[in-house]
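Shared between the two complexes below is chain A, which pairs with chain B and chain C, respectively.
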Partner chain A sequence: MANAEQIGGGALLVWEIIAHSFPPRLDGPETWRNLYRVGVKSFPIVAVTAILVGGIMVIQSGTYIEQYGAYGLLGWGAGYSIFREVGPIMIGLMFSGRVGANNTAELGTMKVTDQIDALRALAIDPIGYLVMPRVFTMIVMMFVLVVVGDFVALLGGAITSRYLLGVDMELFAWSVITYIGLHDFLHGLYKAVAFGFAIAVISCHFGLGTKGGAVGVGKAVNSSVVGSAIAIFVIDYFITYIDS
Partner chain B sequence: MIVVENITKYHSGRPVLDNVSLEIADGSNLGLMGPGGAGKSLLLKIICALVRPDRGKVYIDDVDVLSLDEIELAQLRFRIGMLFQNYALFDFMNVADNIAFPLRQGEKHTEAEIEVLVKGILEEVGLPGIGHQFPNELSGGMKKRVSFARAVLPEPPIMFYDDPTAGLDPVTSSKIFLLLKEMRDKRGVTSATISHDIQGIKDICDNFALLERGKLIFFGDRDAIEASEISIVRQFWDGFSLDELG
Partner chain C sequence: MASQTTDWREAIFAPIGEPVLEIFHIVRGIGATFALTLYYILNGKKRRAAIFEQLYDIGNNSVVFIGVTLGFLGMILIYLAGYQAMRITGDLQLLGALFLQLLLRIFGPTITAMMLATRVGSGMAAQIGSMVVTEQVDALKMCAAQPIEYLVVPRFLASTLMSVVLTIFAILVAFLAGAAVANTAFNVNFNTFWNLSFIGWFDVIICLVKALAFGMAIPIIACQAGLVVTGGSEGVGRATTSAVVHCSLAVVILDFIISGVGFVVLGFI
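Let's look at the complex of A and B:
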């Protein structure tokens, strides 16, 4: 029953977001603040995650590559899994844990300290002022972070393949360019946009619904991170099925 | 005129406001008293339609507030200023931006005018030069004064003050009450003030209401409250306790 209530609440928020999108109105300063907070400040952790993920992909496939001498497929193997699955998912989970959790905590704290009521008392619609900039920036930045993260991951894979497997970086790059299509790259970006939207909706929903002081904020953050993770995998399943 | 009719609100099956009815005449200040948890802050939030009651009506200038949609409510709220009990300052803005926020949203002033107005109100509440600081750097009393400044600067015709002097020293409290009185006398602001500073309320309010456990125990003017023989009213008005309240 509680889960149904949360899903219903999330659906209502999605409806409000759609209603606020026509015509689109975003508060300028709040949007810029969130672009910086969500995107710029996430780059370091995403870059570290991506470079390690790329290396891990190469290490995992390294044994079989060496066994069959399929060095020319190393780039393809790493690139295919990074672009289509591992890149968006790992960056999505990192994004949810960092940005989504922070978003829920901020909105939750605002809720329990009457700041949301203060906005409404000042005739400011909290959905328009707080939620819409967050949804916009989280979709945009998830997209950008996955694009950058994918290429950083490939770089990590190339470096690992060079120094652990002795595969030239040129061969790695050739394999990626020859065997990976634009469709594979776009597949991951569809997921990035969907993940960004889901994380934004879920984190805002739990944040705005926080009750019960500091303890409530903690519970909301926990629910937000778990809910976002589940949403990432469910969305991933459906996009993979539809786009394959 | 603000009219509150039979407001009832339940929480976990228990009435936290039980059939409360009162009026606030134009240009007058209603003093709201009562023990903690009596429902005073909740009543103010219901009047602003920040919280919906389970029963009852609220009229502001003959408009049924609770029947308005969000756009109409937003228009109404431009006319209402609210000083929250917990300050409700926006953590991600500095003091100057917090105070300027309603003016910027109203789009009636230039940035230069807003800067002058913000500087002026900060001096008025005894906090010159702190515009660059953030709420987490302020004491409770300072936060209360910044919250007050933000609420009154747009000069709304209706004001609700939830414990405006909590955490303030006697001198600053006195100054704040003088400002409240000035708002009523010079600007004709219609207001309601919640405070445990009974002497302060006595000085600035025209009518008085006392809530206890969600029920309206008393509502009337100064003469009526002076003559009231209800025990809890006497305790609050005269400032002494008879063992347990009521």
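Let's look at the complex of A and C:
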């Protein structure tokens, strides 16, 4: 029952977001503040994750590549999995942990300290003022972070292949350019947009539904990250199914 | 003139030094908590009821969540691998064997640990953080009970055990979900898919080592984030966020280190 209530609440929030998108109106300062907080502040953590993930993928492909001596395929093996699946999933999970959880905590704190009710008393619509900028920001920044993260991951992969496997960076780059097409890269970007939207809706929904003081804020953040993780894997499956 | 030079130096070195000091403080806090936890495991009282409570909370309550996420992961990976194999070789005989090996080596332990960091890590930080802001941890200290012995040790033991159990469960679920997709989408029957010829002791050992390492790292980092909470509901929210981020980062870093060492070791054997 509790799960059904959350799914229904999330669906209602999606409906309200769609209703607020026509005509599109965003609060300027709130959007800028969120763009900075979400994008710039998460960049270091996404970059570190991406470098390490690129390294891990090269190590995993490396064991098979060494068996057959096909070093020219190393860039393909690592790059293909990074662009299509592992990059968006890992960056999405980090994004949900860093940005989604932060967002739920912020909205939850506003809820338990009655700031949302104060907004309503001032005739400011919380959906238009708080939720819409966040949804816009998370979609844009997830897209940008996955674009940057993909290339940082390739860089991490190239460094790992040079120093652990002894494969030249030129060969790695050649392999990536030759075997990987634009559609592989775009496939990851569709996922990035979908994940950004899902994380925004879920984190705002749980944040606005927070009840009961500090304990409630902790519980809301916990359910928000759990919901985001499930959404990421389910959406990923359907996009992979449709676009392959 | 002198003040200008200090400003100039501050402008360059402060943005570098600040994150370094912050990371240093976090790592030192985690190290101290880990050392104290080990000390109390060896010297403290065994509190079975608390450990069983945590085992239930970490293990049983995560089963559905991990089953759903890893099931979808297995289906995703088989789609990805299946289409590639069809395009390049057209031979799907080895799909199951390769899939199982990849699950054991990387995706099983890593994604399970990311999910544990998400659910269990944020849960621990939220719970302990709420106890700190409602002064229950201070009350424990007043009763001469060490918060680390009382709160962290049961979580640490339970999470270490449950991480291994859940990783094995996750690999099974992902494999079965993958087998179902291979059967319906690529017509690979289950007997062909169930192929253990690629699996060696190396794969099993590296899977268990990763699961153990992740299971030990997550409770320490999450509890540390919860224990240093200051300031009401905002503080609890911040602690929960940092617990998820630090746990996930720790998983990725440990995964990189263990995979790298494993690769070098594999070169020798």
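The rule we apply is simple: the second predicted complex is superposed on the first by the 244 of 244 C-alpha atoms of A that agree within 3 Å, B and C clash if a C-alpha of one lies under 4 Å from a C-alpha of the other, contacts with A are read in each partner's own complex, and residues count from 1 in each chain.
By definition in this document, a residue touches a chain if its C-beta (ideal position, glycine included) is under 8 Å from a C-beta of that chain, and two chains touch if they have at least 3 such contacts.
Quick caveat, the model's predicted, so the values are computed rather than measured.
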Fit-or-clash call for chain B and chain C when the two complexes are aligned on chain A: fit
Chain B versus chain C as contact partner of A:Leu122, first or second or both or neither: first
Which superposed partner A:Thr113 touches (first chain B, second chain C, both, neither): both
Partner contacting more residues of chain A (chain B vs chain C): C
Partner chain in contact with A:Arg33 - chain B first, chain C second, else both or neither: first
Touching partner for A:Lys219 - first (chain B), second (chain C), both, neither: second
Which superposed partner A:Phe22 touches (first chain B, second chain C, both, neither): neither
Touched partner set for A:Tyr68, first chain B, second chain C, both or neither: neither
Arrangement angle, chain B at one end, chain C at the other, chain A at the vertex (C-alpha, nearest 10°): 100
Superposed arrangement (fit on chain A Cα atoms) - minimum chain B/chain C Cα distance in Å: 9
Shared chain A contacts, counted only where both chain B and chain C touch the same residue: 106, 109, 113
Contact set on chain B toward chain A in their complex: 45, 48, 50, 70, 73-75, 77-78, 80-82, 84-92, 101-102, 105
Parts of chain A lying in touch with chain C, wherever the complex brings them together: 44-45, 48-49, 52-53, 55-56, 59-60, 62-63, 80-81, 84-85, 90, 93-94, 96-98, 101-102, 104-106, 108-109, 112-113, 160, 164, 213-219, 221-222, 225-226, 229-230, 233-234, 236-237, 240-241, 244
Touching residues on chain C, where the partner in the complex is chain A: 19, 65, 68-69, 72-73, 75-77, 79-80, 83-84, 102, 105-106, 110, 114-115, 117-119, 122-123, 125-127, 129-130, 133-134, 232-241, 244-245, 248-249, 252-253, 255-256, 259-260, 262-264, 266
Chain B contact footprint on chain A (complex, rising order): 33, 106, 109-110, 113-115, 117-118, 120-125
